[in-house]
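Below is one structure, written out as structure tokens; the observations come after it.
Should a chain be cited, it is by its letter among A, B, C, D, E and F, assigned in written order, with residues numbered from 1 in that chain.
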Amino acid sequence: MPYVNIRITREGVTPEQKRQLIEGATQLLADVLGKNPATTFVIIDEVDTDNWGIAGIPVTERRLKERASQQDK
Amino acid sequence: MPYVNIRITREGVTPEQKRQLIEGATQLLADVLGKNPATTFVIIDEVDTDNWGIAGIPVTERRLKERASQQDK
Amino acid sequence: MPYVNIRITREGVTPEQKRQLIEGATQLLADVLGKNPATTFVIIDEVDTDNWGIAGIPVTERRLKERASQQDK
Amino acid sequence: MPYVNIRITREGVTPEQKRQLIEGATQLLADVLGKNPATTFVIIDEVDTDNWGIAGIPVTERRLKERASQQDK
Amino acid sequence: MPYVNIRITREGVTPEQKRQLIEGATQLLADVLGKNPATTFVIIDEVDTDNWGIAGIPVTERRLKERASQQDK
Amino acid sequence: MPYVNIRITREGVTPEQKRQLIEGATQLLADVLGKNPATTFVIIDEVDTDNWGIAGIPVTERRLKERASQQDK
């Protein structure tokens, strides 16, 4: 009866992609540990880019820098 | 000083029901472990049915199947 | 299909008390929201008192102060 | 590679304040444990005041009481 | 930069199985959402069977019932 | 009433370092958002290096590689 929590930034993930994450994670637990899909939970949390930090800055800012550095090329 | 996190699908839970969950969980910790309500946190996360999977499919899909099977009867 | 996570300090909680927390939380979700116990998860995390802070200090330290203040009386 | 999850009530936190929380938490892990900021995640969850309980009641209710008690003075 | 938290009961999972869960979950996020493995975290929490409840009872008790019902056959 | 959860690998963190993390995180929330330390929780989870993955491999393996690459120099 595993519980899988996937946290990602909210950047346009589609319902179909969510379905694939749910299916894939459930299959992974069945394949590796023989866990029963009927009692496997997968919960996806989408987090605003203002609310997710990496390397000490919000992802919002990181994305702006990435785009700027793309345009420089 | 317990921390209780209740995760449920976002399907029309009312403020009054949330109040009951908060009151009930706080009371449970006081009854069973003698915990002080003043420092008991209860946090309710409502999760979109697209983002919650069980048995390898999103709850959105599960609900559609449940309704279809109801109409068949 | 709710998921309930109860986090408490590791201070001698017995298996019987854990059983009561599991039963009580499952019942609460059934009573307030009509949730099916068969797909209700309750997970209890016991956290060392060194690893839990409140009011800016570890619970280990808080407990020492509480005992000292008891002995003063 | 620490993971820091800050959960607060949704009560008008600004992007600038979020940036400060991300920067401060990342710095804290670097200062105390020498953790590398490049692989430090900070995730801020803002929770509706209806969904956060303390002392057995929702924060929504607690805020109303606080305001009432302010006006009494 | 996804964060994946897999919670399972502590029932003899081997380091090799953990390695497979980590590899599989990281691959899933790369396949479905194009996420960079370098900044994908996977954290596995093993939970004692006394501390995990389903259907209102601890998994410890559920396992005993499962074994008893096996022996009946 | 913030809740801060710090997850780090279990690699010899001392009680004094935990105390500093608790104090620092509590102070951060007070400084940035004016939160009351009396109702600020900080919980530190130490995770075995077998159970934490980054870049698709367990930290146990990552540490071995880091040490090997150190010795090469």
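In this text, a residue touches a chain if its C-beta (ideal position, glycine included) is under 8 Å from a C-beta of that chain, and two chains touch if they have at least 3 such contacts.
Just so it is clear, the model here is predicted, and its values are computed rather than measured.
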- Note on the structure: Intersection of contact sets, chain C vs chain F, gives B, E
- Would you kindly count the fewest steps from chain C to chain D, each step being a jump to a chain that touches the current one? 2
- For C-F, which listed pair, A-B, D-F or A-C, repeats its interface with over half of the contact pairs the same? A-B
- Any chance you could check whether C-E or D-F wins on number of contacting C-beta pairs? D-F
- Farthest chain relative to chain F (centres taken as mean CA coordinates): B
- Per the C-alpha means, the centres of chain A and chain F lie apart by a whole-Å value of 21
- Query: Just how far, in Å, is the C-alpha centre of chain F from the one of chain B?
  - Reply: 29
- Task: Averaging only over C-alpha atoms, locate the centres of chain B and chain C and give their separation in whole Å.
- Result: 18
- Overlap residues in chain F, where contacts from two or more other chains coincide: 1, 3, 7, 21, 25, 39, 41, 43, 52, 54
- For this structure, give each pair of chains that are touching. A-B, A-C, A-D, A-E, B-C, B-D, B-F, C-E, C-F, D-E, D-F, E-F
- Query: Touching chain E in the complex: which residues of chain D?
  - Reply: 1, 3, 39, 41, 43
- Item | Touching residues (chain side chain F, partner chain E) in the complex | 7, 47, 50-58, 60-61
- Message: Under the definition above, what is the set of chain D residues touching chain A in their complex?
- Response: 15, 18-19, 21-23, 25-27, 37-46
- Query: Which chain E residues qualify as touching chain A in the complex?
  - Reply: 1-9, 13, 17, 20-21, 24-25, 28-29, 31-33, 35, 39, 52, 54, 59
